[in-house]
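Two complexes are shown next, each including chain A; its partner changes from chain B in the first to chain C in the second.
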Partner chain A sequence: MLRFILRRLIYGIITLWVLITLTFILMHNLPGDPFANSQKLSPEAKATLMKTYGLDQPIWVQYGSYLKKIATFDFGVSFNYPTRSVNDVLKQTFPTSAELGMYAIIIAVIIGLTLGIVAALNHNKGWDYVAMLTAIIGVSAPAFVIGPLLSYFIGVKLGWLPPALWKSPEYKILPTITLAFGTLATMARMMRTSMLDVVSQDYVKTAKSKGLSRFAVVVKHTIRNAMLPIITILGVALVNITTGAFVVEQIFAVPGMGKFFVQSISTNDYTMIMGMTIFYAALLIVAIMVTDVMYGVVDPRIRLAKGGK
Partner chain B sequence: MSNNILEVKDLKVSFHTYAGEVHAVRGVTFNLKKGEALAIVGESGCGKSVTSQAIMRLIATPPGEIKSTSSILFDGKTDIVKLSDKEMENLRGSEMGMIFQDPMTSLNPTMKIGKQIAEGLIKHQGLSKQAARERAIEMLRLVGIPNPEGRVDQYPHQFSGGMRQRVMIAIALACNPKLLIADEPTTALDVTIQAQILDLMRDLQEKTGASIILITHDLGVVADLAQRVVVMYAGKVVEQGSVDDIFYNPQHPYTWGLMRSVPRLDNDEKQELIPIEGTPPDLIAPPKGCAFAARCPYAMEVCLEADPDITKINSGHSASCWLLHPNAPKVERPVEVGGHHNG
Partner chain C sequence: MQTVTQDKFKPVVKTGNNERVVRQSLSYWADAWRRLKKNKLAMFGLIVLAALTILALIGPFLQPYDYQTQDYAARNFAPSGSHWFGTDDLGRDQWVRVWWGVRISLFIGIIAAVLDFTIGVLYGGISAYFGGRVDDIMQRIIEIIYGLPFMIIVILLMMVMGPGIFSIIIALAATGWVGMARLVRGQMLSLKEQEYVLAARTLGASSWRIILRHLVPNALGIIIINVTFTVPGAIFAESFLSFIGLGIKPPMASLGSLVSDGVAVMRNFPWRLLCPSIVFSLIMLSFNLLGDGLRDALDPRLRK
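Let's look at the complex of A and B:
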């Protein structure tokens, strides 16, 4: 197991390096530069700035010095907000984004799986249709449609919940639902299919032939096996939720990382783009690694196939 | 009467599908004595598995339906057809156990073997986890799994096919059931392992005194394990009798066909296997006469018009065929592969 994790860690670092390099090249090939928007800048002043930030040097020299810097976890100072380092921005905004993401994934998993299970156990009956209708809406309606609708009707028209901002718990409900909805729907559909598949397996028949109650058969023999494929998509779900958060944060004015990420690209804020990309990438690489390890924990067959405990 | 562990009377099972009602089992009647091994044979789709699953009440309803006129009397007193789900749960696993065809898929891949055996024990005998685990180890030893103390905490994928079937037998027999139903227990195994599993089943039957219903299409397996045979065709029993009756004095043309389609090793002559031509009838619209008539070389007009009654040959041997009617023409049973009749 330890060797497996170590190997995955090395792969992760290689992936990250490829990502850094690609982003670096792409970013420098974007038209303009970090100071293109400041029209007041005289050519001399601009040249001075370029020199200060090392942007006058050949690109591979910049690349080398950048790699050296991030090896010490120093992402540099934002070009756009010269008073703040990228690390500061991350420290300030990440907890909010993480909180929103966590709520969303928890809600998506719990409600999604429940819907899927209920649908499968009532296959082709009323509850199945209700659950699947919800799921289809969730899969087909993007967050930028659901978000404003919720914000307008529940927040503004009915006034049940605050339509935007991120303060006390009731503020957090609508953004969480919006962010969770798509993933929740995918989970529900996957779980339903998976359950229906497992229900017809021979080992479920074996479990019944032992005289176990319907409840025991479902909980001990069906759900656990049906969850195996769900765990594989958990990593992908996490990616969807983190990227989906950009949009949801904008809709509900949540002070998360999303705003900075999107802005940094339009303003050519090199250090910010790199910092955000690396941070997100590392986060997702770790998340997917954790899913893989989890898969091994839940499915004994994988545990052995990956080279023993 | 109380000598029978199981009395199946006029069992009818249908499945409601989009295409219509499939009459999978159409009035099956047979008895199983205590300590006896009964084989149900017939080709695919003849209703033998459905019959066994109806006895265990493992048929999903809907789409399945066990007709209320049927009765399955267990141990002389309990009518399985009329039990509530809860009562049936208590019977399943404790009084009757089941082994399935494919040991590769019939064990839960994410649960330890020991736990899978222990589950039934905890439910039916109220054992503690520890006691159930010890009993599971004991069962593993009984079914011939080496190092049961170590194996009990392993997962199914760490066992070979034959070993898994042994585990299945251990699960089925854990609570000392009076009836063991084995649905093609050796079909998915290779020949040497088949023999081992059959030996094990025979051995355990002697030790536990359980009655066995063996579902199979392998006549070799029948001769090996069973004392009595029920031959099914298109959802009906066409002939039943002792192994000797069926093998040496078969009466129904379908049974003749079955016998002629199996190779024999007890003679050196060049053998030609003779298949039964044609396919079984569509059970959505079963024929009004004898279901085998369309494939029967001896079919008469009456065979297409009416279903034959059961004719008793001797006390335990009966067949349903118009040829056995006193007015029917005498038909010589075709010569079997090997060229001679035994008996």
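Let's look at the complex of A and C:
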């Protein structure tokens, strides 16, 4: 078990290092000048700026000092707003994004799993079609389509909920639904397939023939086992929700990290993009690692197959 | 007690016809097509997709406008007889722009599928065929790439290469093949151990015959299923990038950038949001329905 966790940990660290290096290389080959936005710089002023940011050093020295800074969680200051450090921006925007993401994943898991379970128990009946329809809409209409539509119809036309911004709880409903929808649909679909798969297993038949109540068979034997594959897609779900937040925060003007990230991209804010990319990636790599280990803990077969050697 | 006499029996005359199999034997593909035809949702997807493809090809020619000419006398028109989907704030015809967007979406989808297929099958095939050390190293590389968040890598690549169709294709190709390579390798490894491969080998079949007649056809179904889900994935990625301003650059239209422009003006000109959104959802819907249908038709495990 310890071996398995250690193996995952080492992979996580290597992946993170590859990502940091890749980000560094790519950012240094970016077209466009970081000081292009502040025009009319004299060559001397530019040279001084280059010096303060260490851009006059050979690339290996820059890389080395960059790695050192990252290791101490120092992402530097924004290129465009020298008074703003990347860490400050992360501190300001991350809680909002984390809140939105948390709501979305909770909604997606609870409603998605319930829908999947109900669908499987009523296979080929009304509820099954509702779940399947939700799943199909979920994959066909991504956040950047469903978000504006919800904002327009429910927010603007019907006026039931505020169409944008992030203030009191009623402002948070539409962004959360938008962000959760795709994942909710995937969860419902996976859970349904998994449930149908488990229902035909021998141990369920055994449980039934032992005379257990329907409740016990469904809850203890079917749902418990059908949940296993869901854990594997939790990592993917988290990735989707994080990247989905880029557009959802944009559409609903939520002052989160995603909105800031997209803004930094359009203004060529090197340090900001690098810092945020690495933060995002570290978050996601850790999340995937944790779900992987969790799956190994819950299902011994995986542990033996993947890390047993 | 009844006696059984000789005359109760009569010899069966061999007519030469009674060995004939009455029902025509179906090949794998014929059977898959038969199953697909029976699947109403998949056929619906196929028909919608065909209609969208035809409209993407001829749509821009049905109106006397092009995607970039600005007409300040015709700004923000609502859908009407002369502008079927209305016009945008620069007086460009939305109908033409939407179908240009569909062209781009379909083009990206097809190219991504071809690249995915080629790189993935080659990488996975080589990894499974050579095995041992080569396989080990190739798998470690895959495991690391697999852990990288796909969209963030694509965004980084797009920033370096700048907006445009070509950059999107490169970015998608650089990141999209990993799933396919894993799938192909896994399939090849498990198929190699199947009894029918052993049987073929025992009968003296050559390696080539085994690969071409047994391994490839048996893996092809699952590969095709994967490709049909790659296409909507790539289409989504392009629109996502265009939506956040990294994809197709103006004046060329992409469904993602059209939706993004539509969001900004939806209060006053809702059709600018609705038209591209509906068309985009139809593309995704038809590919997903078709993909689901193909999976049911091609996956031998689901056969009864």
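Note that in this section the second predicted complex is superposed on the first by the 290 of 309 C-alpha atoms of A that agree within 3 Å, B and C clash if a C-alpha of one lies under 4 Å from a C-alpha of the other, contacts with A are read in each partner's own complex, and residues count from 1 in each chain.
The rule we apply is simple: contacts are C-beta pairs under 8 Å (C-beta built on N, C-alpha and C of every residue); 3 or more make two chains touch, one makes a residue touch a chain.
Predicted model, so just to flag it, every value in this text is computed and none were measured.
J.: Taking the superposition on A as described, I'd like to know which of chain B and chain C A:G12 touches: first, second, both or neither.
T.: A:G12 contacts chain C only, not chain B.
J.: Where does A:S151 make contact in the superposed view: on chain B (first), on chain C (second), on both, or on neither?
T.: second
J.: Just chain B (first), just chain C (second), both, or neither: which does A:I251 touch?
T.: second
J.: Scan A:R224 for contacts with chain B and chain C and give back first, second, both or neither.
T.: Once the two structures are laid over each other on A, A:R224 reaches chain B alone.
J.: Applying the document's definition of touch, where does A:I136 land relative to chain B and chain C: first, second, both, or neither?
T.: In the superposition, A:I136 contacts chain C only.
J.: Now for A:L22: first (chain B), second (chain C), both, or neither, which partner does it touch?
T.: After superposing on A, A:L22 lies in contact with chain C but is clear of chain B.
J.: Is it chain B or chain C that touches the larger share of residues in chain A?
T.: Per-residue touch count on chain A favours C.
J.: Quick one: classify A:K208 as touching chain B (first), chain C (second), both or neither.
T.: Only chain B; A:K208 stays clear of chain C.
J.: Identify the partner contact of A:T277: answer first if only chain B is touched, second if only chain C is, both if each is, neither if none is.
T.: second
J.: If you look only at chain C, which of its residues touch chain A in the complex?
T.: It is residues 143-144, 147-153, 155-157, 159-160, 162, 232, 236, 239-240, 243-246, 256, 259-260, 262-263, 266-267, 270, 273-274, 277, 280-282, 284-285, 288-289 of chain C that touch chain A.
J.: Spell out the part of chain A that touches chain C in their complex, as residue ranges.
T.: Of all residues in chain A, those touching chain C are 11-12, 14-15, 18-19, 22-23, 26-27, 29-31, 136, 139-142, 144-145, 148-149, 151-152, 156, 239, 242-243, 246-247, 250-251, 262, 265-266, 273, 277, 280-281, 284-285, 288.
J.: How about chain B: which of its residues touch chain A in the complex?
T.: 56, 58, 85, 88-94, 97-98, 100, 102, 105-111, 116, 119-120, 123-124, 155, 157-158, 168, 171-172
J.: Please name which positions on chain A make contact with chain B in the complex.
T.: Interface residues on the chain A side: 201-203, 205-214, 216, 220-221, 224-225, 228, 298-301, 304.
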